[in-house]
Every structure is written in structure tokens, then in C-alpha cells.
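So, here come the structures, one by one.
Each of the next two complexes has subunit A plus one more chain, namely subunit B in the first and subunit C in the second.
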Partner chain A sequence: MFAYYLQLGLRSLRKNPVLTALMVMAIGFGVAASMTTYSVYRATSRDPIPQKSSVLYNTQVDAFGPENIENGEPADALTYIDVTAILRAHKAPRQAAVYPVSVSVIPDDAGRLPMREGAYANSSDMFAMFDMPFIQGHAWTRDDDEKHASVAVITKDLNDKLFNGGNSVGKQVNLDGRLFRIVGVMANWSPQPLFFDVPNTGGFDEGAAVYIPFTRAIDLQLPTNGNNNCVKEPEAGWDGYLHSECVWIALWTEMHSAAEVATYRNYLNGYAAEQQRAGRWNWAPNVKVRDVMEWLDAKKVVPKESTISLVVSLGFLVICLVNTVGLLLAKFMRRAPEIGVRRALGASRSDIYAQFLIEAGAVGIAGGVLGLVLTGLGTLGTTLVFPEDIARLATLDPVLILLTLLTAIVASVVAAFYPTWRAAQVQPAWQLKSN
Partner chain B sequence: MLKMTHLAKVYRTEVVETYALRDFNIDVKEGEFVAVTGPSGSGKTTFLTIAGLLETFTGGEYHLDGIEVSQLNDNARSKIRNEKIGFIFQAFNLIPDLNVFDNVEVPLRYRGMKAPERKQRIMDALERVGLAARARHYPAELSGGQQQRVAIARALAGSPRLLLADEPTGNLDTQMARGVMELLEEIHREGATIVMVTHDPELAARAQRNVHVIDGQVVDLSEEPRFHAHNHAQTARS
Partner chain C sequence: MNLQIKPILTALRRHKSGTILIALQIALTLAIVCNALFIVHQRVERVHRPTGLDETNLITVQNRYVGKPDTFIPLMKTDVATLRNIPGVESAYVTNAFPLRRGGWSTGIQTEPDKTKDSLPSALYFVDEQALATLGVKLLAGRNFNPSEVVTVGPQTTPAPAQVIITKAIADKLFPKGDALGKTLYYAKGKPSTVIGIVAKLTVPWIDFDHMDNVTLMPVRFDSGYQQFLVRTKPGQQDNVFKAIPKALYASNRMRVLPEKTGIRTFETIRAAAYEADRGMAILMTVVCAVLLTITAAGIVGLSSFWVGQRRKQIGVRRALGARRSDILGYFLTENFLIALGGVIVGTMLALGLSQWMLKYFEMPRVSFTYVAVGVLLLLVLGQLAVFAPALRASKVSPVEATRA
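Presenting the complex of A and B:
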């Protein structure tokens, strides 16, 4: 019967092209508005590393004191003193310090200009912790960390620029006039939101082209290219900076059980208490250990305008649906005589429901197709509303295509419930008598 | 085939109760051709819609083909309408968006019949009413008499046990009315049970038995059967 009802529905829709067009437009515009804004919301609120987001933890230890923080939230980053102490204690199976640096990549060819590239100085564990995808070679080792080795991992894009995409493992790359041996080449990797560097990027950035050991970057006195917050003026010189109360380094750990997390948190509390006892801090321990999604939530990575526009567009969809309800009601009730005849000839109420809901579903499919076209245009136009680094994330991928069609069909069928219920209540006797 | 005992149909509003049928008794045997006559507003059509399970009743009993129908749910009533009853209306009630073939097909669709059998039955029914050549025409392209023939074909296609006709010639001129009446008589001769509501005495006289309704009650006795000796003469008491 489905094919029969679909055939009846399409015939009925063709009979009233203006009414049909109005309904299709209402559904199409409503769905397109909500799907366009949803595409932005989805991009900004999605889990950037779903396979591991529940085992990766950001660490915060309050080095500023309650007077210098808001709502009891410790600073987003740690001091060098705290990072090195926590790394040394090694209370988590995997742990990685990371901070952004900026380097000039100087090509071997003297005729080519140096390139300013974003880079991260990080511990070796980070590559395995974040499942960073290697296409040549591998990460440097903990031993390299210990030895402060001059090694680097570069991305495919930089490898293409410097080595025309050839195998560059073992070759040298010149960063700020210093040579680093390439141990691995990664696919371009930029999870969005860029969870491990939210404070410096706002969560949305294209990622880095170069990765070098944290220990080597410290040796080279490479300053952070991100935020640097100090509660007290640091003493002069790099050494003074390293031993200051300035926060600028992120610390991530990988832990796979609640017991490991509890042990790690206890250690941090103990460490903070020890700092208090030693007179470095005069406040109670205040530490936070949050997994990826808790961290993104706490940092409010989803832009406010993304949430607001999603709510507004969903409201618009509701308005469109209310209009569709009215149009469907008018359309269906105009066919009361036909309903009466069908009921007299053996159609049950369930048959009437099926016939009209399938007709509404056909409107939904047409509205979905229009919605797809408009959503495609909408995602191109998101730069008008959102910053460039967020707007570029809004894409019409297969999931969004499916969701747009599904939303249109479901919305149409939901809108048809009341008109169909009314249609099914038509008393055949009255219709047939009145004819 | 169709037996109503002390049947009542009351329309209630906040201020008034109107009896459309009151202590209505009728017994139509299988194979009978009964004409139900009476003045406008007497309850003839209400009787027919209740008989066709298009409307519920307020009191009494109604047995259709041996089944007491008052407790049946919507699905069961729809199934009985579809399988046991054929309707012929004064206004034809064809669906204007469907062509003749598709109109006749409607009850067969709800029966879940396979396409080849549907097609066979539709063409047989259209042959029967002389409109096989018009299968792809739309109702608006047919005369009133032809439309009523299509309606009869639609009623016949499902091979119902009972044909209910409400003023089947009411919208037709004399010649067309005669043709439709002859068709109904032919169908009856082949064994169908027909209950026809009419206020045309000439048409009523052609039925096997007349039942007269006034103020929602059967007030007349049946006439003697005239067409088939095997049919039972029935008495409908007021």
C-alpha cells in the first residue's frame, strides 16, 4: 500500500502546485536555516577526539590564589616549575607538556624565502596520546626528551614545501637557524576544536606545521607564542622566567581508569599542599583534572553566537512548521468528500492516517531537497555571521545531507499529525449525505 | 442478511434529542431486492448509513450476515464494509482525481488484492456496466448515467454480499435512470441482495418488496415477492 499511497500523495501534490510550493518552501527554508546553524554548532561542539576524549585529561593547578582568579577556576595553563615537577613525578601512565611557539623555517635553497610557521614544543608522549597520524617515520622517544634532542616532526604540507613530498625522515630542517633532524612526517592534523590548545586559539585554528621536543625548546629559550599570564613580575632573564609564577604551559595526561585519575588527583592535591606548606602559596590546594569534553565545556568553546543562532533558527523552523500545519489542514480538509468515499469503500482510520502521512512525507522529501540546496548556500554564507576560523568548519558533508533530508521528512510528518487526525475523524456518513 | 431489531438513532444536542430512527425493525433476507421509501427526513438515508456501517446507532441490535456489529471496532467495521457491502450513491461519489479504472480499484486496494486479480476484477466490472472502453477516462469526461455505472462497477468489483443504493437514479434523467435500474435488476437476478432507498414510487415498484419509513419507523408491510420464487417475503413491523 505504501507505493499506492505515495502515488496518491504525489498526484494530490501535483494538483495544487501553488499550495504544494508554499509547503515545500516553508519546510525547505525552515530546515535550511536550522541545518546551516546546526552545521556550525556541530563543528564547534563536537568531540574532537572521540576515541580517546574520555581518557585524556587536562591539568590545572592554581598558582595564582583565589584573589586572582574568577569563580574558583584556576588558570588555564601551568608554570614551568609546576609542569616540570609533575612530569618528574610521573603519576600518570602518559603525560605531555605542550606550548605553542613560532619558528622560521629556512629552506636549504638560498633562493627561497624563510617561512613563518606555527609550531608546538611538546613531550614525546603527546603523539601517542592524541593518536597523531604519521605517514613517514615516527615520533621522537622519551629518551630524546631526556637528551633534549634536536629532532622534529613536520606535517605533510611542510614536507611538500620543503622536500616536494619525498621521504624526509633523517633529513635536517632549519628552524630559526638551528638544525633539527626530522624523525617523522605527520598527515596534516588539526582536530576541531583544537582541544589541547584552547586558551591560545579559542579552540579553532589550523594547527601547527612543526613539533619539537619541549625540553629542547626550553634549552633554546623559545618563548610561548600564546598566552602568558603572570601574577608577579618575573625576574630578569630566561631562567628568571622559568622560575616565575607565570603560567604558559599546558599539561595533558592519559589515564584509563578511575583509580588512576584518583591517584593523579590526590598527587596534585598533595603537591599543592606541599607548595602551601613550603610558603610558596598561601591558599588551599585548588586543582582541576578534566577530560576533553569537560575541559571544552568549562572553557565554553562553543561560541555564544553559534548557540543563539541555532536556537533562533530552530524557532524559525517551528514557525515554518506551524504554517505547514495550516496549509496541510486546508489541503486535507478540502478532501473530506474523498475521505468519506474511501471510508465507505473500506478504508479504516489507519488507512487514512497512512495515506495522508505519506503524502506529508512526500512534501518533506521535496522540502528536504530544497533545504539541501539552501543549506549548501547557507554554509557558504556563514562567514557573514561567524568568524572565518569558525565559518570554515561549516560543511555540507554526507551526515548533514542525511540529517537535512531526515529532518525535513520528520518535520513534515510531525506537522501532518494534526491535519491527518482531523482527516481521519471525517464522518463518512455526513460527507456522503451532504453530497 | 440484514436484520435490525428495535434499532434507535438519536442525535443529541444540549437542548434537544432528535430521533432519526426509533424502534426500527427490518429483516432483509439474502437475495432480496428491497426498496425503502418514505418522505424526505423520514430516516431512510440514516437507516442506509447505519446498515452500511458508516454510522453507529444508539440502541437496539443490528446483525449483518450473522454478525452483531454494535461492538465492532473501526478496523473490523471497515473490513466488513470493504468485503461484504457495495455502495451506490445518488451523487455517484466518484473521486474526481482518479480515472474510471482507478476509481473502481479503490475498494480492491483496501482488500490487499494482488495487481493481476485487481485488474481482472476491474475490467470484468466495467465490462458488466458497458464502460470497459472508458477505463482511462476521468469522471468529468462522463455523463451522469455513465458515472453512476462506474459507481455500480466499483460496488460490484469486490463481489459484495449486499448492495446498498441511496437514490441511485436521483441525479439522472429518465432514460439514464431506466438504464441504471435495469442494471440493478440484472444484478439482483444474479443473486445479489439489494437494499435501495428511493422516494420514486415507480422505482420502488420495481423492487421485490417495499418498506415504508415515516418518522424513523417502518410503517408498512412488505409486498409479495415478484421476481424470484425462492426469495422470502419479509415483514417489517413498526
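Presenting the complex of A and C:
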């Protein structure tokens, strides 16, 4: 029966090519618009590290005071004083301080120009915490952190550029004239959103090529390459800066149970209360410990543009559906006499339902195919509409293809419900008489 | 024609579903189109916001020195001299930031030595005596800096030179009486700076800032390995200078990085990059509006044609009873107008609701009344245009149809 109804449906669609084309286009455009913007939205709202996002926590401790912050939200980063104190207390099993630095890599070959590379200064725990993928060697150790060792981890791209992809563990890399011993090479790694450095990158960035120990970077007086916010003017010099109320360092911890999180939070509150008692701060403890997704949400990492265009496109899809409902209604009701004849010849209401829903499904498939082509063009065209860092994340993958087709078919069948119901209500006697 | 409204309403009551569908589609379209057009308007306005600069023949250079000497000042001085010596260069200077750079330094200005509250935020641009000429910014009052006034400021230090030039926006806010020239300002506690000049307009480096026109020019050389150079070329020389800059800089000192994509850019590129997201949003919303209006129009054509087809017999009867062609045409046009009117009334409410929602969640300004009015007009006209062809076909129905079964 299905094949027969499909045949009937296709014949009927061929009979009014203009009306059919209109419906297919409405579905196609509506689906394509919403799928294209959804692909961007999906890219910006996704979980960057699904296997660990629920056990990694960002730490915020208000060092600015309620008058200098908005809506009670502490600054995005911490002061050097607080980071070192919290690291020293070691209340979480794994913890890592991290801040962006900028380095110039000087190739050994004197004929080559220096290269500027993004870099992070971080604690050794970060590699294991973020599951950073090593292809040669390994991370530096906590012992290296303690010793302020001149060691570095570089990415595959930089290893290719400097050592033609060979084994570089144990070799030296020259950063701004200082030598660092390479302990590991990792695959190019930049989860999107770049959750651990949202305040400085907005969440979408190519990632870094070099990682060096936090303690060593402080010794070398490497300033942050990201935001530095101060409520009070720091004393002169690097040491004055380290002891200032300027915030510029992120602190991440890995904790596996609610009890661990509670202990850590209690410790932070105790620490902040202590600062208050000591007279450093004159406000009550204000501490935030958020896991990855809570953190991304709080920092509003999904661009406003992405959400607005998704909402507008969904509205667009709804309008296309209303349009399709109208056109299907016109199409089906025009065939009232035919329905009357079929009903009189013994077709049940459910037969009519089946016939017309299948016809609508055929429109949906055609609309879906058109929508797929347009979505493909759309994802290619996202670079025209969204900044490159975000646009490159929007791709037409199997999931999106399936979703596009499914949306088109479901949408057109949903749109067909009312017109089909009306068609099934046709009174055979009435139709036969009036003809 | 005006007498026809009552029979039309009666007829519409018998086609409830079709009527509601068209009205609903018009309502939804209006809600989206006027908000989308409003977004386009805002974004286009932002993209064309003036910076106060003469943006033609202006080239920016982003430079990072390699290594860590005790001071970068001699390197910076050599580079500025190198740039000024390139044939075709009119003027050049070294700075930390400029409009649309989207990165820079801001601080609070005080009018008293040690008050700590209620400061006026201002972006800081570190400049020298050639900056005003390079930027193409006009002095409204006072004088330019002298080369001897340029001071060196070390890293992690708040700059507070003895002389500053401020924008008119700051002058007006701090000294509403218009006597800002010669007054003392404090950029750091206890360190006075005298206002020696006022410029008409110059914007901050960021594109979203509460005080877009609050800028202070400081005669400062900031001792850092990361610098921006601004170069004004003679007319027609921009391309040549653009190519000559990296060669000249590398020839004078190889230990530097001029990033591949962002090292040397014309100001046109800077502007395009700064407003990339806004331009994209404007394009997207324009496309959405165009497609949406097309689909709505097509929907009206489709449904009206169906109605005309369904009522051929009634039309024939009316014609046979003496109605003229223009009466039939008028009937369908009026019918569409009434449906569209219902649609735009609901649509206006939806549009305002959507705007309210976007205000709440995205802090977007509320859609202006003009845009709703334009949207309403647009959809009423669109409805009339879309229904015209089917209505014309209806008017051509011959009275003979009345006699056909």
C-alpha cells in the first residue's frame, strides 16, 4: 500500500508543479537556514572536553570587592598572591595555575626568521588534568615545577617547523634567547571553546604551540599576554606587581567527588575570610568553583550573534511551516471530490491519512534534499557571516546531514497533519452529490 | 468597494483555517522582519562609525622584538627613524594602541590629586609629536607635543606625563564650562598632568565601550617588546610603502616578529576585521528578510489562487448579476487587505514581544517604532502585490461560469 500511496502522491505533486516547488522551497530554505545557524550554535555551545568536563573546576576568589565587580561576579582571574597560596595549600588532588605568554621562537638555523608563537605558562598537573595528548616524551614533573626548571612541551606543528617532525625530546628550544629543554611533544591541541582561557580568547582561538612551567615564567618575569586587571595601582617593578591586587592568572582543579569539591570550597571560603580578618580585604568571602560547562555558561562563551541567528532561523522555519500548512491545505482540499470517491469506494479515514501523510513525506524528502544542498552551501558561507575562528568550527558532518533530512521530513509531516485531518473529514455523500 | 467589507467578513468566516494561516504567516513574518531589519540598521551604523581619523593612506605595523634586553627604547627609536625614511612616508610614530585595534589600556581620570572614586574612564594612546599628523586628527584648541616632552615609561608602571592632549568628549565631561585647556588631571595618584591640547574626535581601541570618545594622548615611549607603529603615506604611495616596510624593518634588525596575518595592515583591513561580526550579522539578517518576504509572498499567491479556483462559480454568479470586473478585483484585494491587517496587528505585538525578549537576553536596544511601521507597510504592500495576479485572474472569470455545474 505504501508504494501505491507514494506513487499517487508523486503523481499529484507532478500535477501542480508550481505549488509543489513552492512547498519544497519553503521546507528547503527553512530547514537550511535553521541547520546552518544550528551548526554554528552547536560549535560554540559544545562541551570542549566531554570526558572530563564534570571533574574540572575553575576557581574564582573576589580580590576586587563588591564595589568593583558587577552582579557579585568575581573577576575572571586571580592574583599571584592568591594563586600561590591556594596552590601551596594543595586542597584538591590536582591543580594547575595557567596564564598566556607570548614567546618568539628563534630557530637554530641563523638564516631563518624568528617566529612568534602563542604559549602558556602552567603547572605540570595541567597536562594530565586536560588529557593533553603526547606523541613524544611526556609532561614535566611536579619536581620540575618545584625546581623552576627550564623545560618545555611543544606541539607537533612547532616540532615539524623546528625539527622536521623528528624526535626532539631532550633537544633545546630557544625562546627569546633562553634555552628550554624539550621534555615532550604533543599533538596540536586546542579544544573549542578553549575553556581554560576564555577570558583572554573569548573561547575561540587556535591554541598555543609552547608550554613552559609557571614557576619558570614567573622567574623570567614574563608578563601575561592576556588581560591584566588592577583595582589598585601596583608598586613599581616585577616584585611589586606580583604582590599587587592585579588579577591575571587562572586556576583549575580536578576533583572527583562532591565531598572533595565541598572541602575545596570550604577551604577557599576560609582563606578569603582569613584575608578579611588580616585586613587585606574588607568584604565577606566571595568564592566561585565552577565546572567546565558552568564556567562556559557563566562567561557567556556562546556569541550573542550565534544565539540570535539561531532564534531568527527557527522563527524562519516556523513561518515556512505555516506556509506549507496553507499550501498543503489548498492542495488537499482541491482534491475533495477525489477523496469523496475513494471514501465511497470503501477507503477508511486511516487510508486517507496514510495517503496524504505519505504525499507530504515525499515533499519533506525533496525539501530535505534541497535543504541539505543549501545547508552545505550555508556552512561554506559561514565565513561571510561569522568571525573566522568560529566559522571554521561549523561543518556539515553526518550528524548534521541526518538531522537536516529528519527535520525536513518531520516538519513537513507535522505541517501535513491539519490539512490531512481536513481531507479525512470530507463527507463522501456531499462530494458525490455536488459533482 | 467600501460596501464590500461585510460580505467579505462573512466569506472569511467560512474559510477560517485559510484566513488564519495567511494572517499568522504575515504576523510571524512581520515580527521577524522588523526585528531583523532593525538589527541590520544598527550593525550597518556601527560598521560605519567614524573613528576621528583620516583612515586613507594609513598603515599599521604590529611588531614584537625577540629577546629581552634591558630596554627596548633604542630599538623603538631606530625603527621609527627607519619608517620615517622610507620614500613615500609622510609621518610615523610608535604607540601601544589605536582606534579599532580592540586591545589597549584604559584608566580612570581624576581631577583631584588623591580622590579614588568617581573617576572618568579614558583610553590611553602613547604618542609623540608626529602622532596628530599621522592620525589626521585636528587640534581644536591648544598645541601639539614637543619632541622634548616625550618621556620613557617602564613596564608595570602607570604613565602620568606632565602634558596630555584629551578629546573634546573628556574636556566637556570634566569641564562643562569649556575651560579645560591648562587644567590639571591625575592619571596616577599624586602625579599631575596638564591639558595642553584638545582634539575634536578620536575613539577608543575597543568597539564596545561605554565611553567611545574618551581618549587621552600621552607623550610617552612605553618600554616594552611589543609595539604598534602607525605610518601615514603620501597619497598614491600606500602600496609601495606597504611592500617596503617589512624589508626596511628586517634590514635594520632581524630579531623581530611581524606576524604573518596581522603584522602589516592597512587601516581598511583593520576596520573590516574589527567589524567582521557586525557585517556578517547584517548580511545574514538581510538574506533572511529577503527569503522570508519571498516565501510569504509565494504563500499568499498560492492560497489566493486556490481560493479563486474554489470560488469560480460564485464569481460567475456575481458577474452574471451585474458585478463589474473591477468589483471582483476589488473584492479580492480588499479581502487580502483585511487578512493582512489582522496579521500585522498580531504581528506588531509579536514584534514587540520578540524585541523585549532580545532586550532581556542579549541587551539589544528595543526595536524602534519606525521599523515596526516600515515592516507593517511592507507587508501590507507585499500582500496586495502577491494577491494581484490571482485577483486579476478572478476578475477575468466569465459570467458563463455561473451556468456550469
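FYI, the second predicted complex is superposed on the first by the 431 of 435 C-alpha atoms of A that agree within 3 Å, B and C clash if a C-alpha of one lies under 4 Å from a C-alpha of the other, contacts with A are read in each partner's own complex, and residues count from 1 in each chain.
In this text, contacts are C-beta pairs under 8 Å (C-beta built on N, C-alpha and C of every residue); 3 or more make two chains touch, one makes a residue touch a chain.
Model, not experiment: these values are computed from the prediction.
Chemist: Identify which of subunit B and subunit C touches the larger number of residues of subunit A.
Modeler: In the superposed model, C touches more residues of subunit A.
Chemist: Please indicate which partner A:R343 is in contact with in the superposed arrangement: first for subunit B, second for subunit C, both, or neither.
Modeler: first
Chemist: May I ask you to decide whether A:Q425 touches subunit B, subunit C, both, or neither, giving the answer as first, second, both or neither?
Modeler: Once the two structures are laid over each other on A, A:Q425 reaches no partner at all.
Chemist: A:M1 contacts which: subunit B (first), subunit C (second), both, neither?
Modeler: Only subunit B; A:M1 stays clear of subunit C.
Chemist: Where does A:P234 make contact in the superposed view: on subunit B (first), on subunit C (second), on both, or on neither?
Modeler: second
Chemist: Thinking of the overlay built on chain A, is A:N167 touched by subunit B (first), by subunit C (second), by both, or by neither?
Modeler: Neither subunit B nor subunit C is touched by A:N167.
Chemist: According to the stated criteria, A:R334 is in contact with first (subunit B), second (subunit C), both, or neither; which is it?
Modeler: A:R334 contacts subunit C only, not subunit B.
Chemist: Regarding the shared-chain residue A:N266, is it in contact with subunit B (first), subunit C (second), both, or neither?
Modeler: neither
Chemist: Between subunit B and subunit C, whom does A:K304 touch in the aligned arrangement: first, second, both, or neither?
Modeler: Second partner only.
Chemist: Give the list of subunit C residues in touch with subunit A in this complex.
Modeler: Within the complex, subunit C contacts subunit A at residues 17-18, 21-22, 24-25, 28-29, 31-32, 35-36, 39, 64, 66-68, 154-158, 188-189, 226, 250, 254-257, 259, 276-277, 280-281, 283-285, 288, 291-292, 295-296, 298-299, 302-303, 305-307, 309-310, 354, 358, 361-362, 364.
Chemist: What residues on subunit B touch subunit A, complex-wise?
Modeler: Within the complex, subunit B touches subunit A at residues 45, 49, 52, 54-55, 74-75, 78-79, 81-83, 87, 89-91, 93-95, 97, 106-107, 109-112, 154, 158, 166.
Chemist: Give the list of subunit A residues in touch with subunit C in this complex.
Modeler: 18-19, 22, 25-26, 29-30, 33, 102, 104, 106, 113-116, 176-177, 220, 223, 233-234, 236-238, 240-241, 303-305, 307-309, 312-313, 315-316, 318-320, 322-323, 325-327, 329-331, 333-334, 384-388, 418, 422
Chemist: In the complex, go through subunit A and note every residue touching subunit B.
Modeler: For subunit A paired with subunit B, touching residues are 1, 4, 11-12, 15, 337-338, 340-351, 427-429, 432-433, 435.
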